[in-house]
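What follows is a group of structures, each given as structure tokens.
Both of the next two complexes hold subunit A, though its partner changes from subunit B to subunit C.
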Partner chain A sequence: MFKRILLKSILRRKRHIGLALAIVIVGTSVVAALFSVFSNVDVKMSRELRRYGANMVVLPAQPPLAGSPTAESQISEKELKKIAGALNRPQVVAWIPLKYQVVVINGSKQAVLVGTNFENMVRVKPYLRIEGRLPRNTEDRGLLVGVEAARKLGLKIGERVQLGSGSSNLRESQTFQITGLVKSGASEDNRLFANLMPVRKLLKSTSIDVIMASVIGGMQSIEQLRQTIEAVAPRVRVEPVLKIAKSEGQLLNRISALSLIAAFIILTITTIAAMATIQSLITERRMEIGLMKVLGARNISIIALFASEAGIVALTGSLIGYGIGIALAQIIGYSAFGTSIDLNPVVFVTVLAIGFLIAVPGVPFFIKKITKIEPANTLRGEY
Partner chain B sequence: MAFIEIDSLTKTYGRLAALDRITLQIEKGEWVSIMGPSGSGKTTLLNLLGGLDRPSSGSVSINGSVITGMTLNELTQFRREHIGLVFQQFFMIPYLTALENVMIAQYYHSMADEDEAATALEKVGLGDRLHHLPSELSGGEKQRVCIARALINDAEIILADEPTGNLDADNETIVMNLFRRMHAEGHTLVLVTHDSTIGWKANRIATLEHGRLIKIDSGSSTRQEESSEIVLEGIDRSESLSL
Partner chain C sequence: MFLRILRRSLTINKKRKALTISVVALGTGVIAALLSIALVIGDRLEQELRTYGANLEVVPAVDSLRIEINGVDYSNTARGAYLDERQLPKIKTIFWRHNIVGFAPFLPVMGSLKDNGRTISLVGTWFEKPMPAEDEPDFRTGVKIVYPYWQVEGRWASDDSSVSEAMIGAKLARVLNLANNDHFTTEVNGRFQRFRIVGIIRSGGVEENQAFVQLAVIQKLMNLPHKIKKIQISALTIPENKKARKDPAIMTPEEYEKWYCAPYISAIAYQIMEVISNSRAKPILQVAESEGVILSKIKLILLLIAIASAGASILAVASGMTAIVMERRSEIGLLKAIGASNRQVEALFLAEAGMIGVFGGLIGYGLGLFLAQIIGKSSFNITAPFNPAVALITIILAVIITLLGSLFPLRSVAALEPVVVLHGQE
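Let's look at the complex of A and B:
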């Protein structure tokens, strides 16, 4: 009979139930959308911010002063392998090794040659503008020439150049072919870029000078990486590129604070609306409650009936609200960040909890209301 | 000790005494009408008898149990076991059918029994209205559902507050016949009315005024069990009529 009363009360009171459902759906869908977006905002926003370049560098213990490099001023191949392992994490968008050397071009002029990994370089430095193409694979002796360097040296795409290491033995030179020009408006414009492998062969040295990485998750995540890297390679130093990393962190904090305030306001409004609805529903159903009491219903069984009804509304409403909310989140995600929003189980649980909070606002309040109804007064028509 | 003992029952609302030291005994199987002008305390008295309200002082005991000393939960249970209530308004759960409105009384009493509920509705002439919602029933039909509901748990005591107050003459006759039948079946009946022809159908008529019990008259009905009393009452009445 309990189920029958409950079912009829829901099915035959479509308008009331519909109103209660609508409130739960509005509340939960907004919360689901906001929480989904905001639980992603750090990741998505910092990916967005990563366009400004590397925010973490790995340096040898003693950067080279003037003069020839020593073991202390280099990162060895062995260390590089260990660091590469430590950098293999989701919060690392991309990283590149960099090996710098002054080289002689076609036996006459000098320029700085940089050995690196092209595929990752464009991810660490998304602001680079490239004309022509990148060297194909990591062994290709292709050369990317900064626009300024190309102008000064009179180099063009497709040309072959002889690069000799800056050491006294000028005969140790190798042929590279220019595949493209690169422009950034910064130091890159004066450099030559080649794959690390052929550069190592040319210079007969496997060590590198520095590692640059693009990391998401702000200073906190950089600090974590620093600890892991310095644990596996104690001779290196890890440092944030302060200017970029700090302002990123501040921006993210501001966005999180704003989102929290927004979520709080929306929740408050929906909860107040829900309270008012429940209150009016109970007032409206006073006669019903009074009659049930006259017929011998205990408070507890009336409360169970109303609570079940609210529970069903809450569950249905939050499920629908969650569905609408994550759909909204995807729309926001695509329009603001150009990517989808990941689903987060924490959001689902939160939304469910909020649905119940809205539909059963303050269970004690609800119970007190029902308990206080006196059948004598109610059925006398005192409202 | 009488079946229902009302002793010096008083109910005050602020300075107003809605009921003022009412003392009355009602026997098992008796039909008592409560009459009096509007505001004289009829509903207040009935609510106290039904355990829907608590007195300011005085007591009510039913079949030896002092209901005015019970906790709310005990009262609810007592009402469930012993009392059937009928009101002037036809209170029904709006989203339940006639049948379900009767079954809900069974459910809160013990266990819902659809067949038994249907039989009860057939007895009040609503065999073809079982699955109608309250909004689809006439006033008279609704009141008959309420009567079927009051009777479904075989309550010994039926308390009715102006049960025909909102009915036309035809429906009044139907409903009064149902009460007559209840009385014949041995239920104790307390019926509030301000219609003297209805009040007259009882064994006794208690009249209230300003919360006071001002007189008790005999009615037209005779008590089933005690035939000797019937004769006496008959004589009493003819005497009072001749006066």
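Let's look at the complex of A and C:
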């Protein structure tokens, strides 16, 4: 009997049920979309903020201030290997070793030569503007020249230059070919860049000066990495680049506060609006309730009937709403960040809860109303 | 007759009307809140991004190549070209002077310590020098303004050259085993100078290897009065578009004027070169380039939030209106039974919806302005002011939404058979 009434009530009142379902779907899909996006926004923004470049440096125990480097002021090849292992983590976007040396160009003028890894350099410093091309593999004796250095030393793309370490003794020098120019508006403009391997051969030294890394997850991740790295290589020091890391933390906090509050307000308002609408649908059914009472239905069975009807609407509506919502979230994710949005089980639970909240509005209030309905008055059309 | 029915239908059943108005108000309130925030957040975000430090560097137009590693300059500073310190106040007279947050001059030299002969890198600069500008009488500038991310243990040095104070980088302090209140004497250009350390700088950058002292002291030691090697500037800018990247020399007069009067980084750099003679101003891409991208990302997120909530509000209001029309089927049936045409019934409902829209929009704007304060205060510490344009947009939007929401259910009005509806059958 109960099942039959429930089934009939859903099937016969297609229009009403459809409307209620639509309201639940709209409410839950917005909540699902926004919550999915916002639960991801700090990770995504953190990745975006990597455009600002390295936010972590690994330094030798005693960095050289001036004068010739000592073993203390360098990171050895053995340490580099260990650190490389520790940096092999998903939160590290990219990292580069850097080896600096003042070299003599074509036996006359001086400039700073930097040995590094080009493939990762453009990931650690995405703001570099490169004209020409990067040296190909890690063995290639290609040279990337800062725009200021090129202008002041009169160097051009395609030209071959002799680089000598330390003195102007040409016998110690090796030939490099310029493959491109680099511009940053900062110190890179004055320098020459080459692959680490040929630079090591030229300088006859395998150690490096510093490691720069671009890390997502803010100060917290940097602190974790610091502990891991200092455990495997106790002689080095790991520090955040405050210019980047500090500003990043502040900005991320603000953005997540903004999205959290906006999400919360939208959630509340959508829920209230949807609840109000559903409620207006219920008042309409007084007659039906009155009739059922006249025919001998107890309050409890009427409440059960309405509650199960609302439950079915809530469940179906939230499932469809969740589906639409995450599809919407992916669209937002791709258009704003160019990547997909990770699914979060918390969002699913929230959406289901919201669905029920919308479809079963103020249940106690509703029960009170049902029990208060006087069949005779209601059926006569009085309120 | 029409007006009387309309008035009656608005005055009776107030509860239901109030419900619809509140649904409209809630929906448009979110839109109004986000609009109000979006209007003011741009400026605030730019200021926020200035914590990344300088985005412009000015150097002498013709100079020898700098040979510098880890903040230590190996090139000979005593030679080469310089900028003139006396021209610095002119930076605050350019067209976009209000967008100049701060600037600092630099004159780096190498010194050797008297005690152990160690070479150290000394940088002469301004810390927080008062520089009254025409319309900003309390403008102060120096490294404290340009590098807000420096963590200083102790205090910032004074700009008063009679006290010769120094701030030294944390790494330099460690290597030299110096702490706050210690003194060190260094030889520069054959002259000795004693400094008292008042602050230790942590930045994770090259600054940690340098010692910062008053510009005037270095100028005196080097015998280079009013000379500086570079200026770093922190300026509020807007992201450049393709047109702004064009060389000003090949712009048409209109393009040039448009570009000159927009706070693009290139336009500000250009205006600075106009006031500082023999200089070259270049954007620091790490900061300048990233800023534009990040700014547009954040604005895009805001826009998406606004669109999503606008969509939700429209649908919520539309479904609310549908519910109302459905509820009033018997009323419609009665109207039709006593001779009202479909047209008249529709007009009645649309007029009612329009009024609900106006009221809902008004309340919605009030609510939205309130919500905007909450969102703004707790995230970026901004207040959204009353904006008549936003108020108007909100009300118009509310009316459009309500009318759109009513149109859909009204389409079924024509199909309603009075007899069936009045009889109570579906």
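As a working rule, the second predicted complex is superposed on the first by the 307 of 383 C-alpha atoms of A that agree within 3 Å, B and C clash if a C-alpha of one lies under 4 Å from a C-alpha of the other, contacts with A are read in each partner's own complex, and residues count from 1 in each chain.
Here is the rule we go by: contacts are C-beta pairs under 8 Å (C-beta built on N, C-alpha and C of every residue); 3 or more make two chains touch, one makes a residue touch a chain.
Keep in mind the model is a prediction, meaning the values are calculated, not measured.
Look at A:T270: by the touch rule set out above, it reaches subunit C but stays clear of subunit B.
Counting the residues of subunit A touched by each of subunit B and subunit C gives the higher count for C. In the superposed model, A:V346 makes contact with neither subunit B nor subunit C. When the two complexes are overlaid on their common chain A, residue A:A84 makes contact with neither subunit B nor subunit C.
With both structures placed on the common chain, the touch criterion links A:Y100 to subunit C but leaves subunit B unconnected. After overlaying the two complexes on the shared chain, residue contacts for A:A231 are found with neither subunit B nor subunit C.
When the two complexes are laid over each other on chain A, subunit A has residues 12-13, 287 in contact with both subunit B and subunit C. Those residues of subunit A whose C-beta lies close enough to touch subunit C in the complex are 12-13, 15-16, 19, 22-23, 26-27, 30, 33-34, 37, 41, 45, 48-49, 51-53, 57, 62-67, 100, 102, 109-112, 125, 127-129, 148-149, 152-153, 183-187, 189-190, 209, 239-247, 250-251, 254-255, 257-259, 261-262, 265-266, 269-270, 272-274, 276-277, 279-281, 283-284, 287, 328, 332, 335-337. Residues 16, 19, 22-23, 26-27, 29-30, 33-34, 48-49, 51-53, 57, 64-70, 72, 74, 110, 118-121, 147, 149-151, 171-172, 175, 202-205, 209, 282-290, 293-294, 297-298, 300-301, 304-305, 308-309, 311-313, 315-317, 319-320, 322-324, 326-327, 371, 374-375, 378-380, 424, 426 of subunit C are the ones that touch subunit A when the two sit in their complex. The touching residues of subunit A, counted against subunit B in their complex, run 1-2, 4-5, 8-9, 11-13, 287-288, 290-298, 301, 374-376, 379-381. Taken together, the subunit B residues at the contact with subunit A in this complex read 43, 47, 50, 52-53, 73, 76-77, 79-81, 85, 87, 89, 91-96, 100, 103-109, 112, 133, 149.
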